[in-house]
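Take a look at the structures listed below.
You will see chain A twice below: alongside chain B first, and alongside chain C after that.
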Partner chain A sequence: MPEAAANAPMTETDHGVAQRRTVGAFLRRLYALTRKEVRQLLRDKSNLSIGLLLPVILMLIFGYGLSLDVRNAPVAVVMEDASPAAMDAISALQLSPYFSPVLVRSMHEANDKMLSREVDAVVRVPSDFSSALAAGQGRLQVIVHGAEASRASIILNYATSALLQQGVRLQDRSGGASGDGIGQVQVDSRLWFNAANTSTWYLVPGLIVLIMTLTGAFLTALVMAREWERGTFEALFVSPVKPVEILLAKIIPYFGVGIIGLTMCLTTARFLFGVPMEGSLLLLLFASVLYLFVALGIGLLISSVTRNQFMASQISLLVSLLPVFMLSGFMFDLRNVPFVINVIGHLFPATHFMALIKTLMLAGNIWPQIILECSILTAYAVLFIGLARLVTRKRLD
Partner chain B sequence: MSDAHAVVGRHLHKRFLDKESGRTIHALKDINLDIPAGSITAFVGPDGAGKTTLIRMMAGLLRCEEGELQVLGLDVARHPQQIQDRISYMPQRFGLYEDLSVQENLDLYADLHGVPPEARGQRYQRLMEMTGLARFTDRPAGKLSGGMKQKLGLACTLVRSPELLLLDEPTVGVDPLSRVELWEIVEQLRRDEHLTVIISTAYLDEAERCSRVYVMHEGEILAEGAPEALSAHARDRCFMAVTHSAEPARALQARLLDACELVVDAVPQGGHVRFIVANPDSQHDPRLRSLLGDAEVQAMTPRLEDGFMVLMRRRLQHMGHSHEASLAAAAMSAEESTPQASADATREVMIEVRDLVRRFGDFVAVNSTSFAVQRGEIFGLLGPNGAGKTTTFRMLCGLLPASSGFLQVAGVNLRTARADARRRIGYVSQKFSLYGNLSVMENLEFFGGAYGLRGKRLRRRIDTVMEQFELGGLERTPSGHLPGGFKQRLAMAVGLLHEPDILFLDEPTSGTDPLARREFWRRITALADTGVTIIITTHFLDEAEYCDRIVIQDAGELKALGTPREVWVQAGHRADSFLNMERAFIDIVNQGRHPKTANTGAVIATGEVLHA
Partner chain C sequence: MLNKIFRILTLCRKEMLAILKDPSSRIVLIMPVFLQSLLFGYAATYDLTNAPYAVLDQSRSGASVELLSMLDGTGVFHRVATLENEQQIQDVIDNGEALLVLQFGPDFERNLYAGQAAPLQVILDARNSNSAGSAAADVGAIVASFNQQWRQSQGGSAPALTIETRAWYNPNLETRWFIMPSMIASLAFLQTVMLTALSVAREREQGTFDQLLVTPMSPSEIMVGKAVPPIMIGLVQSTLVMLVTRFWFEVPMAGALLTLYLGLLFFMVSSVGVGLVISALSANMQQAMLYAFMLMMPLMLLSGLATPVRNMPEPIQILTYANPLRFAIDLIQRVYLEGVSIFAVWHDLVPLTVIALITMPWAAWLFRHRLV
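The block that comes next holds the complex of A and B.
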């Protein structure tokens, strides 16, 4: 009788042996369960491709497809003044890799090209340009098609700076003193719409958060629910297996997948997109591991509570992936949102990891922030995995 | 409380909250148990009796709210893990990991139960021999047939020797051959390793092999005791009506069953009719005499099933349920429905199959099968798991195209005019396939519309089937909330809305208790009398006797075809001997599998054990 054995006096060595035996049994069961999970993971092609293929595809889409750089934008140049000075002024556009200028005769023609979207912008050199330039009042007009707001603002910026640079050069050549403004070119720009300007450097760290959330929370949200749905837990429960062993066996393989995903992301970020690594790589890895635990905890918790794969996937999309997109500062800067939304955004662990990873990659080791965010992530990891453990009981009711 | 008892329960209660309806279900009511160690104990009873709840409670999977439950001397509420370390449990749906192979599933459970590697070799070998899975160790569990899966589940449960083995309906959906093997494993283990076995089952012939039986109904224990003691409830009341007339046994059976003030139960058996009279005096009742006609009456020794039927009838009468009324309504439908079945029409061929073949890749699921079914026939498709029954069935209903062969249903070639044929058939699938959140009426209206019925005709048909299947008063009930038996009635009502010529039923009685099966078959025989042709698959071989003709398939081949008696003869038995469909089935399948060793002592012996 086990109870009798437990009550019997135990010598020190007995105790040690019993403990070693318990640990041994624990490890054997954990190994058996983990091996099972790994096999299932490897045989389920759809899960594996979400875990490993999707990160690569996302990186490439976001890295290249969403790159907001403008190259060879068609620009109509209206030369109402054909003087050498005017030609000089717009030569910057012709030399720039960003533009391919087309000479048109009249503003009317340029207008037509804008309407038919043959060109993205119009640069107008007024007929009095050279005389005005000589008087220090040279003016050029730049009109940008605003349908695609962010592209428009980039074109506007590039055009303005190219024309201004050329203007400075002109000014130097004419030898005029800067003080009296002789030979100065002034660009009159009209920005029809404004939009935030984002770049690959800014997107890629956010993408790492997205991918870690995907492997952590979305994939694991399915694994517990799948066992409930298929009834595999019922037989498993009536065995010496402990709930903590079941949870650990679920965490281990998906932790591995998460780390592989992270490595792929970091490598592509560094070598394909040249994203800088201002802070410590080690710290970045540590933070990512912390966040991975948070994500796994969320996934397992959802999965254990819903016991239904469809519900689990819907909920995990709602509480983990959508917040990464909308509320974590990935797409929209949280400093620009209403206070309430900002507070809600900070309730999501992803927001803290987002801030942390952007700081580490783009700014450097800013210790007070790192310590704060890491503590928050640790607290979340303990909370979610703890809750998942509490919810996972060997009971059907 | 002592070593003599493996399980002791006192005043156990269990309540569930049904989330959909918001009602509390009292699943167990004041249950008391004393299960001796080293015995095989069975729990029997209809759906919803509380068998599964009770077994799950013993396994520590459900909280025991009231009362005290001790398993292996330990309080389940306080030490569930210690109990789980010492027992093995096979749930009704054994959750195998379908993407793991047979061997990997076994290894997982051996690891989890801490079976040392040196003890495995011998154990595995024995389990593989017993289950016949040795050839399939590398196959993913998901690719095994239903019966194979069930046997693998049992093997995983038995990787070590537990002190207590809990089996929850281990033989549901398992063919007779596999059932025999499964029981051999269990009995051998009990003999060799002295373990206590607790089993719940819908098969009363299985319960008859146990040393103790608990009969449960709606959360209560109706009776308990040795099978003989329970059979004694039907003592002096069991008879066999041996008929010599040409009319099928099921016609006499139907007449007897309808005379419910005289007869408790009647089933076709061995080509004759076995019946239980309401009390020992009724056997001399002149009304019974006139029903029996020229049939000879022999007294029979009661079986557990007879005792069970007497107990259940008494219980239902006590509760005010009227099984009689249900049976009467089932029978009535025969008279009401359009009696288009005239004598010459019965010769009409409704289904004709010639050289039917279906391949999946290079696997031949059904091989050159030919048969014909006439109007008003009840035609049974039988075979072990994986024999090709379901595939044949699906091809007949036009759900699956045939690879080659000729297939004509209701006079329409299924390969050229599938939609036309579909209009003339009704189909009741094994799983409940109606819309659970639509009410009974909404389901009927929807499916009626889907079959092109509308207006007055739809109303008239709905009224007819509502009456025929006694669904009155349930119009507004969401069909998902109906009890199991009512769901099946609704499914049949839907299948018959468009007045099909042929009704297909896929394992309609799988997992249902004898009471519900009687009612079901009364409906079916009544339906056949109106001229509807019935095609049915079943795992209960005693039900084959309700069929006019049957086919037995194995490994895709047609092994036998004919009336139950013709099949009995094809199995190598004398035409005038007492027919036993289960034995005929086992013999025919074994003949096909081991042509040289057919009818060896071993085979006969297994047949005999079943109906000892």
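The block that comes next holds the complex of A and C.
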């Protein structure tokens, strides 16, 4: 890097003045460069739409579109026995908010409905149901379409427990069962940190991680790679600006976009979807800024290494966005994966930010976790920005 | 006619070379798909396989020990802490050490012997509501079978009602059986659309597209030449994921390979059509990539890959009719897991064809009419 022109009049004696002058020049150049970058950002609608419009679309999709909760699942009920006892037994399904039962005449018809996926499950009441029930051997069959496994297992669980409970109630009424003085364990379960028991509460905080990664890593990598590809960096190079100033000027506008995205996410999470904010908002902002630095560092590093738009986009997709979806605990719980995958998942900074943000929003200020995750994020930020600077400087020389 | 085919083939060859000449882009088209399918096959699971729990047993009774041993017997639940008092519950849940805490009151066994209801408190960390829900359901099922054993050991009658359950196409209801076939379409979708979106935009940016337009090739020939290479790359990627699904994760394939590939071909043509429209609309590579990406995020999310389409609200379900991936995932699931014939998936093929018939001519028209 050649000596900057602004530093030229510096002499050994008035070091303080020179330093002040250097800082002034630094700020002036930074301001000019940043202004140029902001203008460029505002002119190209595609950048802005990724930074601002996509978060809104994602918010709406996650808040309204995606849900792991089953409601009103269509279930075919085959009444081979139409006795009052059989009607009683399946009334549990009619009352449940989880199912909307459809009566069909034969197992054949039910099978057809399953094949065409008109129904998710079939409940079969065999023809000898009422006589068998009277003899204490009632039997019901529940068949579920297993292709969408998670939905299917929820449906199976709900259907079985609803039918069994109704069975116990019927037995009680006929004076058979629990009147006989035998005790039983009653489960009294409480869900902490998600009183509404809705998947929206656990999906929406994760979305903040996704959006910060999007603007921080993906967008930055793309924009910077373009400069490399077009050779505009070399043009900047012969001017008095230093690499750090170029990097800073590039980062600042995207940092701003990231912060706007974050604000939008938090506002919609709170006011549109009613996600609680149990921990401190200030801490959350601090952690998010920390993570934004990590993401920006990743984006800069990718662009400096690849120097090619296509490669930069593919690599940032692979190392930043897909891991947020799949390996960070966003949707899939890392407790359930093999040990090795769990370790790999924890190598990604997003995983730590994800745990932190879910805790801060849903659980509260749990200090040991906050301190641990924040220090990990700080380490990652230093590592990636340091590496990016190293790679950029070396190549610019 | 022969000339026409020759021209298209030449363009295809040139496009293939442009994509594959760079070793790093060859790697980026093959390795990630392979690694992702392995990684996500393990990671993308909603199944509860590991539920650490803590116990606060104030009754210290035979009954509570027996119930806990039934819980341990599942292989899913394992005890990470034995608590002394209620204050500790907060700690083990807060720091994520335990997903759930079971609390037996001092009168637990006494109540059971007295013929009363013996409450068992279950406290769950629902920061991940899905895991908490599965754990609650599992505990419920274990308690139900404990109750039944208890009744019988106390000389009570067996319950009058039993439920027989069965799951079609996925007997153990493993998420992987659902996710991996869906990946066959989704992983290829991502890169195919990106690649196509870049193809015309790159020529636009470099100024060679104008040259291409003044050659004897018609816009539709250019379109076909641009479409064929990404379709082939997409099919190769799908094949890779399919091999991993079939031979590494051993998800049994019920359907015919030919049917599957025919369906995939329809899907690839329609997604490449989407990519070409994006490409023709963008002025440069960066725009093409960003627009492609902006479109793909919602398409992937609302395809049924992350959460079932049936869980979505009605208006959003209607929106997904314009999403090729939604139909591809449905088609592959039916063919791969259920083993249906091509005639049984016509309702997936029709929308895919419609999407292709709209996007392809649109792209060809844009080639000529949008000179940016």
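Please note the rule applied: the second predicted complex is superposed on the first by the 248 of 397 C-alpha atoms of A that agree within 3 Å, B and C clash if a C-alpha of one lies under 4 Å from a C-alpha of the other, contacts with A are read in each partner's own complex, and residues count from 1 in each chain.
Throughout what follows, contacts are C-beta pairs under 8 Å (C-beta built on N, C-alpha and C of every residue); 3 or more make two chains touch, one makes a residue touch a chain.
What you are looking at is a predicted structure, and each value in this text was computed from that prediction instead of being measured.
Once the two complexes are laid over each other on the shared chain, residue contacts for A:R139 go to chain C alone; chain B is not touched.
Contacts of A:I90 after superposition: neither chain B nor chain C is touched. Contacts of A:Y31 after superposition on the shared chain: chain B is touched, whereas chain C is not. By the touch criterion stated above, A:I366 is placed in contact with chain C alone, chain B being left untouched.
Of the two partner chains, chain B and chain C are each touched by A:D44. Between chain B and chain C, more residues of chain A are touched by C.
Legend: residue contacts after superposition of the two complexes on their common chain; A:F237 is shown touching chain B, with no touch to chain C.
In the superposition on chain A, A:E227 contacts chain B only, with no contact to chain C.
Under the contact criterion defined above, the residues of chain A that touch both chain B in one complex and chain C in the other are 44. Here chain B touches chain A in the complex through residues 16, 56, 59-63, 73-74, 80-82, 84-85, 87-91, 93-100, 104, 107-109, 111-114, 153, 156-157, 166, going by the rule given at the top. Looking at the complex, you find that chain A touches chain C at residues 44, 46-47, 49-50, 53-54, 57-58, 61-62, 64-71, 73, 89, 114-115, 120, 133, 136-154, 156-157, 160-161, 163-164, 167-168, 170-171, 176-177, 180-194, 197-199, 201-202, 218-219, 222-223, 226, 309-311, 313-315, 317-318, 322, 325-327, 329, 331-338, 341, 344-345, 355, 358-359, 362-364, 366, 368-369.
Interface residues of chain C, counted against chain A in their complex, comprise 24-25, 28, 32, 36, 39-40, 42-52, 67, 93-96, 99, 111-134, 136-137, 139-141, 143-144, 146-147, 150-151, 154, 156-171, 173-178, 190-191, 194, 198, 282, 285-287, 289-291, 293-294, 297-298, 301-302, 304, 306-308, 310-313, 316, 333-334, 337-338, 340, 344. Partner chain B is touched in their complex by these residues of chain A: 1-3, 25, 28-29, 31-33, 35-36, 39-40, 43-44, 227, 230-242, 394-397.
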